[in-house]
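Please find the structures below.
Two complexes are shown next, each including subunit A; its partner changes from subunit B in the first to subunit C in the second.
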Partner chain A sequence: MVEINLKHIYKEYDGNSSYSVSDFNLDIKDKEFIVFVGPSGCGKSTTLRMIAGLEDITDGDLVMDGKVMNDVAPKDRDIAMVFQNYALYPNMTVFDNMGFGLKIKKMPKDEIQKKVENAAEILGLTEFLQRKPAALSGGQRQRVALGRAIVRNPKLFLLDEPLSNLDAKLRVQMRTQIAQLHQRLQTNMIYVTHDQVEAMTMADRIVIMNDGKIQQVGTPSQLYNEPVNKFVAGFMGSPAMNFFDATLRDGHVVNNKGLNVVVPEGRLKKLVDQGYNNKKLVVGIRPEDIHTEQVAIQTMPDSVVDATVVVSELLGVDSMLYSKTGDTEFVAQVNARDYHEPGESVEMAFEMSKAHFFDMDTQLTIE
Partner chain B sequence: MQANVEVKSNEPKPKKRAKNKHINWTLTSVLMVVAIFAILGPIYITIVIALKDPSQMTNILSLPKKIHWENFANAWSMTDFPRMFFNTLFITVVNIIFTILTNSMAAYVITRYRLKNKFFNMMYYYFISAMFIPFNVIMLPLVKEVSAFHMDNILGITFLYIVFGLPQSIFLYSGFVKGIPTALEEAAIMDGAKPYQVFFKVIFPLMKPMHATVAILSFMWTWNDFLMPLVLLSDPHQQTLQLAQYVFQGQFSTQYNLAFASYVLVLLPVLLMYVFFQKYIIAGVTSGSVK
Partner chain C sequence: MKSRKKGKKIPLTYYMMVVPIGILFFIFHTVPFLRGVFYSFTNWTGYGSWKFVGLKNYLYMFGNSNITDAYWFTFKFALFATILVNAIALAIAIGLNSNIKFQSLLKAVYFVPYMLGSLIVGFVFKFIFSNLIPQFGHLIHLPILYNNILGTTHAWIGILIVTIWQGLAFNTLIYLAGLQSVDPEIYEAAALDGVGPWQKFRDITFPLIAPFFTINLVLSVKGYLMVFDQIMAMTNGGPGNSTTSISVEIYTQGFQGSQFAIQSANAVVLFIVVLVISLIQLRILNKREEKLS
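Take a look at the complex of A and B:
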């Protein structure tokens, strides 16, 4: 229910010579679910805290519905925030925790009761309303933290790594619950995480950050399929994309460590046109684009390598083959039926039509 | 084979543990007996003397031939017990209330800002350094200062207790506040709380274990203090129970039975408080030691 514009936002902490966040530009549309993702220390939480008003903005403008909010106190921004460690008031019951913001606003008691009970019902917390946070499990605490945010009916939700303290199974459950909540409330949400799976599954748009700068903004599929640089390509996807430093020579990408595969015509023409012939570049190929099935090996005979499996992991549906060709190491994600024991020699086909090429110096994608 | 190895490796342990337990138990018992005599001995002497008449003073350990309950009544009236009790209680209670309210607030602000702001860091060290200045050093200047400001009365001394408690309270509270995650305050700020609401609704209730520790230490200090009332409280009507003992002893230097009866009367409120608040006192002391 709000449009947010972040215009050239910078953050510099006292005593730090470099910016923690620099030139952050983003327009967030009404009802959007935005996820900030990136490694630890990339500035995503700092940006979120600047939006919340918990950190000052060093330079730039934060605009909400056309109004500059830089100097507006957090309480007047109509924003609710869910913290990583839940930040529930330990001395209050679940009911009081959820109703705290409303009580501060001096809302009538019966109204507070109605709102809290309503939120508790949505989140399945009705039976825990009189308990103290210490008597709740991690998942329940996280739901109370969510409940505390939703009772206030804010314009914008900020969620700062809300699931990182939960175990893997619960994280998946809560992920769905948050996504459902977004659909139900139709309110803007900005969600910070370092987990690219959370980002991929929940976001309308992902903002991927590194070293305080936005690397790319786009839908999950854009970021996965059309990464603008090596960082984005490597960050999105699990297991991560395989990268090889190689040279483009006679239509092949080769390195001196045993990699030698053909680049398909269309891709090759673009690379040659841009002057990469006989030049070094970085080749990126996702583990799922390396195949061991006979069909693939027969259809892509020019990009088959002889590999040796070093470590193999069976994950149920898939298996991961950590392999080597010459001295080049890579991971292949293949069907569980194609599981190979460590030490086995296996022919593997690199689906080069899906490969990504990056400039060696700028690390940018070669379009 | 494996089972054998396990049994072998486990064998010496229980023996060693049992031996240790034995040694500890003997040592503990000896120490406990010594401690019991060291603590209960003087209390025994105090109580038996309080119940004797002056003629029985030659053997201080002997039991009274006849119990003289009237010693307590005499001590009560001679020390003006009700008035002195009220004075001491007033100083103690007001001191505890204001110490908890103001010192926790000061400690909270100093602790939260001292890493960001040099002034607050300096304040922290300023207060902590005061812990190392003995009262005797500032005693005489303080007397002059207090009389210049007309603070040589109950209200004045109560104020001084609150101020002099700051170093220790800031030291205790700040250790505790460090352990309270700042996310709680931020959550309250996001919920719309103003700074005083953040403190009183979120932080202050969380400090409860430390409030207990500070309250107990303040109580013990104020109730038992002799020196500060001695040099500051000149009006006989405004004196404390501890001071009354001093005056009493001067008047009846030969009547130890009355003096000791009076000591017992002074001791009773502290003992009663311990009995009633034992749970909180132990919890308070423990939490203080951990944080």
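Take a look at the complex of A and C:
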């Protein structure tokens, strides 16, 4: 339970000319579940490690509850961290792994016992307490790592890609377990992942990073529905948003490769007002905003394209149609009942009221 | 084995590689060893006629003060050398494994002694002990350094120093390999747990490199129980018999003192002693490791 302020944080490694993290500003409120998300090497883990005290902060202030923590040793920051590779002590039993930190703090034995047993019960580890990590599965190890964090009752949990070594099914299970844990403990958590699904499903707020810089901070729905730039729009959502380089001409967005759809009135006015008429811009539309049902095609007759399905994936509820109109490629996510074979010609409606427009040069969203 | 039973042909290359080495090993290693065992039951002096004497040589050994002294000296030497080499090597390895400047250069420097022959090192140190250190002692007026340590009752300490200096390299290398096999994230977790340096060593580092400790300990004990080169180069077993190790005793008395048969018996006993001690060590240390992993 802590308020954290990261003020103009920079990280520069020796021998690197550019900053690995630059001008990172973030205020984290009490009890918040924050997720840092971004591609590999975007600086999210580095930032987390700076908060943990495992990396020096090159410039800027890390403030916790009003106190600057830059030079405080990791052990004195009252935090617990869960590592990607679990970092369990291989020579100790599950019990000792969880209790070691408390033993170091000279907590009485019976109290350690109580805390460890309590945590083991929450995590379903009771029967494994006397085992060594080598005799546990990946998911069990990860739970031990979580348990080690829980018993310390820290003000802040840091989780560095904790689920990335688990298989898909287990990952979903653990995701729920961590979310439940957060609700139960009401402790701040900062969670690093490169998986936008984890970010979307777990976070109170997401911090999306690229090239060492924060791109956007917001709730999952804000990031999904109102991305501030092309990077955020493309990163959040799976499959990714379709992007087209196009020109705004006579109320249509056109590229010379087969795309020609009408922009709805309201959106068009804004674009024209900002001087994008007859100019190049980037159009983004999410796969789920491209429709094949007759109803949609009838209601949006001005934004219907004749497409050819190239690859078709049936995913149960939905099906993904990797399609082409002229030479323009895109993905449509449609109801599985609208299944189409590869090679079929299909009419598809682009729901342009939900489209996003980005400046060609700055890549920023055109409001 | 299974494939052989099924009649699968073993490739010719296998025989071409294994058979010559097997023959050479047998001729130059197994045959002399068996001959040694054979002669240990005779009264052969290295030439002339001989007859079987049963266990007489073995019984004589235990009554011969030169030989028993050699055993006591060798055990003392091996004990000190093993403990000191391993303690210092572990310390150096931990130092080299931390974030220090010139790490690769230092690793190379510490490894140099291993590449030099022990005889050469012995002769060089003999010169250092007999000439350089006394001169230096006179220069700074420190009487303790005036005498050549190899000529005093502390000669064994001189040999110990050289042995440690040379033995460190290999042990350090093994420990370093062990330390580098430990996931750095574990130390980060320890840092967050607030683990102090001594606890970190005792509860994390040492248990995790236990297998490397076992290798080093067994190899050290075995090597130092058979110490020979350094002593031959520096003191030749003297002054008196004070630095005569078992191997030196076997060599000098066996080849120069017409005790060929007796020293053959001695060699057999040394072989059994080394074998038994090594097996006991492996037994104990492996049990420890099992408990840890």
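The working rule: the second predicted complex is superposed on the first by the 367 of 367 C-alpha atoms of A that agree within 3 Å, B and C clash if a C-alpha of one lies under 4 Å from a C-alpha of the other, contacts with A are read in each partner's own complex, and residues count from 1 in each chain.
We adopt the following convention: a residue touches a chain if its C-beta (ideal position, glycine included) is under 8 Å from a C-beta of that chain, and two chains touch if they have at least 3 such contacts.
The structure presented is a predicted model; accordingly, all values stated were derived computationally and were not measured.
Subunit B and subunit C, once both complexes are superposed via subunit A, clash. In the superposed pair of complexes, A:134 makes contact with subunit C only, with no contact to subunit B. Of the two partner chains, neither subunit B nor subunit C is touched by A:28. Contacts of A:81 after superposition: both subunit B and subunit C are touched.
Applying the stated contact rule after C-alpha superposition, one finds that A:150 touches neither subunit B nor subunit C.
Within the superposed three-chain model, A:174 lies out of touch with both subunit B and subunit C [touch as defined at top].
Using the contact criterion defined above for the overlaid structures, shared-chain residue A:253 touches neither subunit B nor subunit C, since it reaches no partner. Once the two complexes are laid over each other on the shared chain, residue contacts for A:119 go to neither subunit B nor subunit C.
Once the two complexes are overlaid on chain A, the subunit A residues touched by subunit B in the first and by subunit C in the second are 52, 54, 74-75, 79-81, 83-85, 87-91, 100-101, 104-105, 148. Against subunit B, the residues of subunit A that register as touching in their complex are 14, 52, 54, 74-75, 79-81, 83-85, 87-91, 100-101, 104-105, 148, 152. Residues of subunit C touching subunit A in their complex: 183, 185-186, 188-196, 199, 203-204, 207-208, 292-293. Across the complex, subunit C is touched by residues 52-54, 73-76, 79-81, 83-85, 87-92, 100-101, 104-105, 132, 134, 148 of subunit A. On the subunit B side of its complex with subunit A, the touching residues are 116, 181, 183-184, 186-194, 197, 201-202, 205-206, 208.
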